[in-house]
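Just passing along the structure, written as structure tokens.
Chain nomenclature is as follows: A, B and C, assigned in order of appearance, with residue numbering initiated at 1 for each chain independently.
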Amino acid sequence: MKQSIAPDVVIGSETRVYDFVNLYGCEIGDHCIVGTFVEIQRGAKIGNNCKISSHSFVCEGVTIEDEVFIGHGVMFINDRYPRAASDGKLQTADDWELVPTLVKRGASIGSNATVLCGVTIGEGAIVGAGSVVTHDVPAHTIVAGNPARILRST
Amino acid sequence: MKQSIAPDVVIGSETRVYDFVNLYGCEIGDHCIVGTFVEIQRGAKIGNNCKISSHSFVCEGVTIEDEVFIGHGVMFINDRYPRAASDGKLQTADDWELVPTLVKRGASIGSNATVLCGVTIGEGAIVGAGSVVTHDVPAHTIVAGNPARILRST
Amino acid sequence: MKQSIAPDVVIGSETRVYDFVNLYGCEIGDHCIVGTFVEIQRGAKIGNNCKISSHSFVCEGVTIEDEVFIGHGVMFINDRYPRAASDGKLQTADDWELVPTLVKRGASIGSNATVLCGVTIGEGAIVGAGSVVTHDVPAHTIVAGNPARILRST
């Protein structure tokens, strides 16, 4: 058995899921591809016709609309100041605030990009590979760098 | 069988290890979480109440104290100028010098961060997501960027 | 069964492949090491005496010569402007142009580096950890940063 897919995962029709994935509590639309070594957490939602490439992590609080490309090794974030422990004990879900992220229709996020929480990546926008997204990305723009800045329109 | 855990791994009590991990020769404390797609190498030591998030790599020579948060896709390094081969043959452990790294109590390292070898990340420090840490990080500071620079105190 | 290795993969003699890999349609030379959580795609070619470290992704169109070190979490790219869908349908191989990348003999690519497509990394060059390579890297130089710039000769 090369996959960990919890019984509560909703996967649409004609969606292909590769080996060595860890999916739980998430919804994935129709006609998607989910690559190897991908983890998608509880509460994450992925639309139709999306590609989630290998080695990427989609956390709780992330909503990905239709026709979005997520490159390889992309990391989403949902906690602004993560800590392992509070008062000498491992943190639980009660100890931190989930900050959501939205990736709008037709956007593309390049490989090894990091997307901080609380941002919206606009429709059709392109995030360059290796970028660190710290602010909203306007629709139909290309951003790149650390921190990511607008290069031009698509 | 969804895990590779060598018989010589020491794992503390109430530590949860997810699927698709590769652990060998390492020590992990009590009450930790080790996420999916994590590799922890021989000689690495991890304290109590730590979270080692998915897709991260902890190499030989890394010591992580208690209550440390390691985000997703974090890569540690132990060789300053890695090479595949010497004199036309694949390198062995005798061909390079291991440079240690220390992450002190309560520090947090953001997702997709890269931590070069020979650094100490101070107590309670926060390394921003996507940062490349090339120098020591003082205790209770927040650093970010490539290379990582101090933004402010925590 | 902890590996996904397609029957069409060519693996040389004395090459060691770790658990949790996804290999298909690729050629790997002799005396190599392929780490955990590595994906190597159809058409990728890897020479002799190479190390492909954990969590790395080598895509179609990438040629890696002999004695090359690929760090952990390194992502190659073969599509300049990736999109998930065209005309409302998931893209197929006919919808985009593959742009090749060449890593020459004895080069080293640091962990978490991102290598954009269409570049040549010269003989013996070193790409610093966490770098984003957007242009050719001259032989025997060290580059680092986002975007990667020449620091000095090796």
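Observations on the structure shown:
Everything below uses one rule, namely that a residue touches a chain if its C-beta (ideal position, glycine included) is under 8 Å from a C-beta of that chain, and two chains touch if they have at least 3 such contacts.
Predicted, not measured: the structure shown is a model, and the values here were computed from it.
Different-residue interface: subunit B and subunit C share under half of the residue numbers found at their contact. With angles rounded to a multiple of 5, the C-alpha fit of subunit A against subunit C returns 120 degrees of rotation. Inter-chain spacing, taken between the CA centroids of subunit B and subunit C, is 23 Å. Among the residues of subunit C, those in touch with two or more other chains are 20, 37, 55, 73, 112, 146. Contacts from subunit B toward subunit A in the complex involve residues 2, 18-20, 31-33, 35-37, 49-51, 54-55, 66-69, 71-73, 106, 108, 110-112, 126, 128-131, 145-146.
For subunit A in complex with subunit B, the residues that touch the partner chain are 1, 4, 20, 22, 37, 39, 55, 57, 59, 73, 75, 77, 81-85, 88-91, 112, 114, 116, 132, 146-147.
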